[in-house]
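In order of appearance the chains are A, B, C, D, E and F, and numbering begins at 1 in each one.
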């Protein structure tokens, strides 16, 4: 059993703003992340899958296929987009790093399973100082 | 004569879109950078100044002072902002990496001169694959 | 349940020297790390906490608050200090990377608990080639 | 109980090619990695061991000793070599990142055990976008 | 006048071996780089061009076009190749980092000129510890 | 004519303190860098030399030789040392990044000249946010 990780990235705009709250409350909790005109990040996404090594190929998963799936299902839909407005699978979500990582997990899981390996971790860097990891735990 | 560089950063939204052009023309030239709902980046800014070493301090410039000036004059005005909408010194400019770097040079130059050293280079990374350098050349 | 990590850093001096041993024994075990006049490092600290995502904010923890706690309780006390001489919570300890990481865990744990999440890991880089991770295991 | 990691590296050539398959099949599965004249990588190897902290030294393991073992047993045998042709402990193996990591684990384990700590993880980066982790799981 | 840089990369095998010399002489000068079965690297290529900023676009050069040219003319021909055997524009050359950088300059120059900017620098990293820069100086 | 750069590093302690000044004045200018018990850094040193490419070797300089000279003359004398107390060629100098870089230039120049190339630049990183470059300019 081995773990293999593919790095991909996307550059996107977002803001953190709870419309049920006053502007004062939003600024207190979200600070400059609540700027109404948006801000953005170079997100770095690490997708880790686990599986057994195939004796014929030496591969646990073919990274070309894994990369193609991540791009088709995730990063092509997030890159150069607005995470609050443009992405069907993020609709109705506060686009915090936590929520984006969990949404990516849910979106990607069926396609990874089809590769005969298991999705193990979604790691998402918002900046070089902040990242989250989601392992599918409830 | 020695060159000293301070790294700072800001996270911002922008889009590249020329309102005098058709949407087709914008998409042809700017591609996904023209997304109307914006996208964004973690920009990394390197400010290089040149000067003589002070015998009493061993400093060519006091980096605490240089950093404070860069933050007050530049990155506090750009961080978590929309480069098309929110920044007085970028008004009327296409916020390409080139134009943002040149605008930072113009904005910063008088304050660096007041430190008894010379502004040498503004280097601005938009992504890990793209950066510009401006040396004040016409 | 999601894991979120904040990176902070501090620059400090230290030496590894056991006063109960001969100089020869110290040099054999600690090599150049035993230099009596000290040496130093740019330490990089990663603090990982785990928690549930708050539905109102999308946050598992507010990183501004976590960062403020790490700075107040840890890095402000370590930055530009001598780890053998200047830090109350390291007193009587050999300041190896292992011991510093464990001491940071103990110091930080009550303050992280107060944020309604759990401290998961202290990861401390001494150089780009060496780092330790502590998960609170006895 | 603490985890400590040492980074080492090696630069090597390899190709991925299954001699039992047609050239067409090799190209379909391995793509440009099947180039008959080889290609190569700057591999980065992270070896993580776990152990208890020694009260006299503050060390869980002496990293000088761990580094010497990794170099003698692993990286001196892989650096500036051809992974398909030159390395006794990789003979008969498809030198995928997965297989190289597992072979390093097997080769290194007895020597790490002799240091009174346990081998925890072999992490091997083939590029900045791809890496595997092996924890000794069957 | 502004300088803009695009990063691309390629993974390749090579060896440094002068067929006019004895094996002893080759080993003395090139050391392990002379391994007859090759070794390899993850090369990182930075291409810097200089030009004026276009008022309509804010671009000095369209990086999509520059990137496409670098890939078509250079990295597609080097990636997953053997630099001694597989690359027409490196034929008859010792594939040292210096010679590869100069050959890339010569190969790329006419295509960059066609973009109405000037090739300024080819910077080529062989490892994280070694790189060369070529500015077209005789 | 080509430029080639070798990266080396050293970990050292220092403080910035002018004994001719009051403690108040030292704290005002140097801030926490004046801590009497020292602090330290992981310094990264980039040495750039320029020269012509040798037709027999493809080298402008043999990096094994350049690296050996940098280690023997510079980093072996700085690594795990106190820059204020332990280093003959830094005696009587305020060990600011500027002064250390200039002293390295002076120390290294005759040995680089003996390699039939020219010393072009000493670049010294004190942290990931601060570095200086010295080109031998008066």
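Following the convention adopted for this analysis, contacts are C-beta pairs under 8 Å (C-beta built on N, C-alpha and C of every residue); 3 or more make two chains touch, one makes a residue touch a chain.
Treat the numbers as computed from the prediction; the structure is a model and nothing was measured.
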item: Pair from A-B, D-E or B-E with over half of its contact pairs in common with B-F; value: B-E
item: Chain B against chain A, contact positions shared by both copies (same if over half, else different); value: same
item: Euclidean distance of C-alpha centroids - chain B vs chain D, Å; value: 42
item: Gap in Å, rounded to a whole number, between the CA centres of chain E and chain A; value: 34
item: Centroid spacing, where centroids are CA-atom means, of chain E and chain F in whole angstrom; value: 29
item: Residues of chain D whose C-beta touches two or more other chains; value: 128
item: Graph class of chain-chain contacts, one of line, ring, star, complete, other; value: other
item: Interchain contacts, given as pairs of chains that touch; value: A-B, A-C, A-D, B-E, B-F, C-D, C-F, D-E, E-F
item: Of chain F, residues touching chain C in the complex; value: 11-14, 32-33, 35, 37-42, 79-82, 85-86, 127-128
item: Contact footprint of chain D on chain C as seen in their complex; value: 16, 18, 20-21, 29-31, 93-99, 101-102, 128-135, 137-138
item: Complex contact set, residues of chain A against chain D; value: 1-8, 48, 53, 56-60, 62-64
